[in-house]
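Should a chain be cited, it is by its letter among A, B, C, D and E, assigned in written order, with residues numbered from 1 in that chain.
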Amino acid sequence: MSREKITPDITQKETVKISEISEENILDCLQCSKCTAGCPAIHGMDILPHQVIRLLQLGQVDKLLNSETIWSCASCFTCASRCPRDVDISKLMEALRLMVIRVKGSNKLKVEKIPKLLQKNMPQQGIVSGFRKYVK
Amino acid sequence: MSVVASSTSVKNVEEFEPLIVAFCCNWCSYAGADLAGTSRLNYPANIKIIRVPCSCRVNSNFVLRAFQRGADGVIVAGCHPGDCHYMTGNYYTRRRFSLLKNLLEYVGIEEARFKVDWISASEGNKFAYVMNDVLEKVHKLGPNRKLRDSRWKR
Amino acid sequence: MEKIREEIKEKARQALASKEVDVILAWEKGELWYDSYPAFFTKEKDIDSLVWDSFCVNNLSKYLLEYTMTDKKIGVFVKGCDALAFNQLVQDNRVSRDKVVLYGLPCSGMVDPDKVRTKNLNQGLTEIKKSKDKLIFITKDKEITVPAHEVYYDKCLHCRYPNPVTYDQLVGETVAAEGVLDDSVRFSGVKELEELSCEERFEYWDGQFSKCIRCFACRNVCPACSCKQCTFDDSDLEVLGKAREDSEDKFFHLIRAYHVAGRCIDCGECSRVCPQDISLEKLNRKLIKDINELYGEYQAGLDPSAKAPLGTYKLEDADSFTVGEKGGKKREKNSKR
Amino acid sequence: MQRVGVFICWCGTNISNTVNIDEVMTAVENMPGVAYSKDYQYMCSEIGQNLVKDTIKEHNLNRIVVASCSPRMHESTFRKAAEAAGLNPYLLEIANIREHCSWVHKDKEAATQKAISLTRAAVAKAILNDELIPGEVGVERRALVIGGGIAGIQTALDIADAGYEVDLVEKTPSIGGKMAQLDKTFPTLDCSACILTPKMVDASMSSKINLYTYSEVEEVSGFVGNFEVAIRQKARSVDMEKCTGCGICLAKCPIKTALSEFEEGLSNRPAIYTPFPQAVPNVPVIDRETCMKFRTGRCGVCEKVCPTKAVDYDQKDQILNKKYGAIIVTTGYDLIDLDYFGEYQYMDHPDVITGLEFERLVNAAGPTGGKLIRPSDKKKPKKVVFIQCVGSRDKSDRGKSYCSKICCMYTAKHAMLLKDKYPDSEAYVFYIDVRTAGKGFEEFQRRAVENYGVNYIKGMVGKIFPTNNKLQVNGVDSLSGEILQIDADMVVLAAATKAKPEADDVARMLSISTDSDSFFSEAHPKLRPVETHCAGIYLAGACQGPKDIPETVAQASAAAVKAIGVLSKSKLVNNPCVSEVDKSICSGCLACADMCPYEAISEKIVEEKANGKIVGRRVAEVNETLCQGCGGCTVTCRPGAIDLKGFSNKQILAEVDAICR
Amino acid sequence: MNYSYYPGCTLKTKARDLEESALNSAQALGVNLVEQEEWQCCGAVYPLASDEIATKLSSVRSLVAAHEKGEKLVTLCSACHQVIKRVNHDMKTKEDIRDKVNNYLQLKEDYQGESKVIHYLELLRDDIGFEALAKKVKVSLEGRKIAAYYGCLLLRPKEIMEFDDPERPTVLEDFLECLGANVINYPYKTECCGGYLSIDKEKVVQKMVNNIISSALEQGAKEIVTACPLCKYNLENSSLYNKEDISISYFTELLAEALDVDVKED
């Protein structure tokens, strides 16, 4: 593992874009980490929810776009409903996902997978939501 | 800072120097203007302030008189609703001047010439911003000829 | 009308005889056919000259101001608009309700002498009779029937309160409020002007105001203008000069309208008496419309115990100047781009 | 003939750098009415003031204009100078050519012209100034303190010490407030009762202090020096004079199940009760809502057992009308409701408690006699989790956006008290930030960590999952990113503080203002911290914002001094810039009276001759001691019959004219 | 009483029992759930991004249709409910979205969020009332140990869903109680089942559902009820799930049972 020095930068284009898509003010967050503490899907996350905002505050969007975290968020809104600063992280997660899948050819869910899912008796609702979350 | 930039752009035009009369309540807006002063925030010298105890002291007569005497714009500034030093004064101000503002517009006086706003003692920035904003708009409109007394020389 | 006239006289006589009142305030016929002017009656025998006809347009309520400095009890006849005016005077503390006995007179409209002249109906006119929605002009040798609305005052055509909103005794029967119009008609003149450009509006009003000869008839007739001394007559403060000067005319009209804001009963008397035909009602109604829209429907003169819109407030009041902030301008509904 | 003297200040270079003083001097000389003008570098200095004084006499000046800094700065300075020279101080006007001119403009020519214009307006106004003489009004030399917590007690003691009478009104049956509920106090850990109860006794013993417990202030009118207050003394159902506080009634009362307010509902009390054994006064009250006698008409045990016949079921509420010179508001605070914080299980699990409940649980006089045990099974807790910022720094609609200020310290205290009682126990504190600004505070908190081994975790708790006999606390250590699960025996929540629910009503009653969180607003956040915008009404303690005991007591003493300042005067001087009515043109419509926020305008009947008879005519009249001079009434008056002295219609119009020249 | 009814894709396929039991029980309660004509799939997840408009249109069409009929719009599936309710909230409160959508749809009259969207549970609670419902129970569920599982979508965000307290909801418990059941309380009833993560993150979902099931089992539950097909699917995929120990059904199935309404068995 190697560690690089970074320069905090909140003004960069990607951060602004994320603020625009999510309409959330990342500066509202005071890093209490309540989001992380309550997140039920935390086992699948390499970067913790409060760290997601912290990295945004530092302008480290790339790290987030390559993270497993944004694909592990179930959009259950537990974080948003308990946030003392009224930050809806689920919207930030969505913005980050969109930043990835809006780039051509970066869909996370392949159509080939569908028949198998249907065999598994998965409700249509699940497949449709997966499509909405992972595909553009 | 945009406040400075806009004021200089106004200055460049030589021919028309608007006169703006601002009625400011002693406790909030006049103090806000003082704060703009102590913070050295710039706004054009065309704005001249008259101190009143409360925005509810400002009579419609005063506003019209200023226009008659050649003012190109008039501002009434008071404490934010709920913060009035006299508890309820500016609630009356709000009703009185909501009507006067609409009435002036109705008889064909340009909307931007009469401004009412709430500026607290801590809003030096807002004071400078509002003054610049009004001046800029009035400047675009040109001199007030509609209400001016033709006999009055400035 | 003729029948009611006798009832009125009877009522007046009885009131004086029984000492119910000391003075009766009603109308009396003048020398000219259209002249029915306000008159005070103190003696029973004078009642004979009391009149109630199609020309009793004068609002008697304001004449009560003459009696503010006495302890006399006055009986006064009030039409719908007069009753609103009366309530407004009570609200303004200018008339004591308990010193007045109100005789309510339902009224379907008063005749505009100008319209009669235009139709040349005044030649040899002896009497006007009413028959349903028609008026019969009777001269020595003939009778001409015309639809009433052709000769009524404009302001009567749009009357919203043909029946008195307050009275002690009602004379005659209530009339159907045919002329009652919704606000879209009432404020149509205002709306038309509002839709013009700023310059067009100015041109319109500049034209109106410059006609003014400052005779103050509008003020003098107005039931909301009841001050002991009018500010325009204050020679010490001199808010208003004497010269004929455009800016002074504008000042006068804006302040006059503003001073009656929230107290104007919309009786239309100011426009009626204006010798220069300035559309004062469009100023007054603009203020009424704004008050209704910003602070809720309000009819001056309906309830003398109500708070005048400019004499009260609500914490959550809207305003017309801080756009975008809380309590800001109402958003234009449904603006399709 | 008005002879105006104009004095133009350079303010060193503050004004003269941007305003051409010579040009202003030349312009001033030509202004109508100006008899003399003079400029000087520092007009506010002693030399400058003497210059003003001397010239007034020398040149026989009768109006003064000083063109200088803001009137909010030096108006009073120059008024005093004018007065010293024998001139009525209200004949002076200030032209603000510093804050409103030289400091905000860069263009020297424009600034100079504006300075001339502002000075011209001041001259025009000054010419119309009248001599104004402030009215005087007597002072009721008694203070009212609303709220009998530590703030109220301290204020009352200090005022009484200075020799003035104080009435202390407390809503509950005893004084003492929140502090009486506390066990130990940070940062010294001395026992709260040990330092509070002597003060409570002092207050009750003082000949200058009248305690009105179980009472509420119901109505306030009047003004500084002369407040009129109605106090409702609720029916105690026990005669204060006869009761000896023997306590037999408490023991015999058949109702035992009412929840004790003082014990935060952790134990029960009878229907006739004193909140706690050290209550002052030590006279019980009957809680009529739970008392069997009041509910069913049967019982009457307390009346029977009372040896002094003090129980009186027929007692009624009494209204006392009293006058005061000053009022001090010390109504304190509450903790927020935790109904909407379901994830902490406070509403659903008995072993999740608030900090205040913890105080009672560790207190020797508390419901467990000082044994710290779990409310559910009365067992000793081994692992206790403390959660800070429950609702504090929370701008969502279930919390409060501010820092509650006391929680960091009391949580450290609680953790240490736990460790003191059970050295083998474990304490975990979840926090967002630890704030220890205060004398000895940082050392105190560090002691918890370093000496007591309290486990501080920077992070929050997501949710508590109650399992069969544990509270599974799920949280995170945000520094390491480790997800934590602690099987706790007890959880203590540092619930946010909030203003009393009735604070807004109290504010309305007193005509003082509150901030968006319903805490009372001080007149100036830095320079007038215990005053309100309403003269003669002062604030102390947590009703003004979250506060600890040392701060509260300091503020209480400060408020006392302010109140004493009023009480020590035999007369108070009013602002003479008040409204007056020209009765000759007043129509008596009283629109002004309706609008007046101070009820300073009333109806008066003047007698006049009309038609040969004397008749009464209604006009408006201003009570100059009530009028605060806002001038709102003048605008309601269409004919201008009511006008504001010092800011008259004529004066303001003259200013407008002068500015527009 | 007539309601507009929005079924959604799953109820016509994998969750037919949810729809049938709901419709039949409604009929027994004198409530007429009229399926909307030509309804379109809501998209299953509410588009959280501010710049996505097209994905909201299908919901708006249903909302408009209900508005035109002057009926409340009833949903059964939690996901549909969340999507439609939130889109309606946007139409009510977000000017830019409202303008864009109205511009696109070119309706006779602009839609401004006038419709009221309710979940079938809300219909039972607020329009019929649990007290009245209890009186109609024919076969009491007495003695059955049932735990309610809420999931996320009905409860959060609470300002928009306005359904119940998101941390301590009671509507399902109240519902079960009025059917006579022995309600089991357990702290995981509002924790997420993993939702769509089961497509790709089965391990994560396993942890999530196991927590829920074990907590319910620990408190002695024999049955779990839910309102959402995906929740049911995920819970049934838990490694701890065992039909003998604990069964999972839709709340409407229990309702139909209690009202003694026939539901066709597949």
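Convention: a residue touches a chain if its C-beta (ideal position, glycine included) is under 8 Å from a C-beta of that chain, and two chains touch if they have at least 3 such contacts.
For clarity, every value in this text was computed on a predicted model and none was experimentally measured.
Report the most central chain, judged by the distance from each chain's C-alpha mean to the global C-alpha mean.
That would be D.
From the centre of chain E, which other chain's Cα mean sits the farthest off?
C
Would you mind pulling out the distance in Å between where the CA atoms of chain A average out and where those of chain B do?
48
Hey, how far is the Cα centre of chain A from the one of chain C, in Å?
69
Using mean CA coordinates as chain centres, what's the chain C-chain D distance in Å?
Roughly 52 Å, centre to centre.
Note the residues in chain A that touch 2 or more other chains, in rising order.
Residues 78 of chain A each touch two or more of the other chains.
Please output the residue numbers of chain E that touch at least 2 other chains, ranges allowed.
Answer for chain E, listing residues that touch two or more other chains: 166.
Among the residues of chain D, which are close enough to touch at least two other chains?
343, 463, 595, 649, 653
So in the complex, which bits of chain D are touching chain C?
Counting only chain D, the residues touching chain C are 585-591, 594-595, 608, 610-611, 613, 615, 617-618, 636, 638-641, 649-650, 653.
Which part of chain A faces chain E closely enough to touch in the complex?
20-23, 40-41, 43-44, 71-72, 74-78, 80-81, 88, 90-91, 94-95, 98, 108-109, 113, 117, 121-130, 132-134
Where on chain B is chain C touching in the complex?
Per the stated touch rule, the residues are 60-61, 64-65, 67-68, 81-82, 88, 91-92, 94-111, 115-118, 146-151.
For chain A, which residues count as touching chain D in their complex?
28, 30-34, 36-39, 42, 48, 50-51, 78, 82-86
With touch defined as at the start, can you tell me which chain D residues reach chain A in the complex?
Per the touch definition, chain D meets chain A at residues 343, 389, 391, 393-396, 399, 432, 458-463, 474-476, 478, 481, 483.
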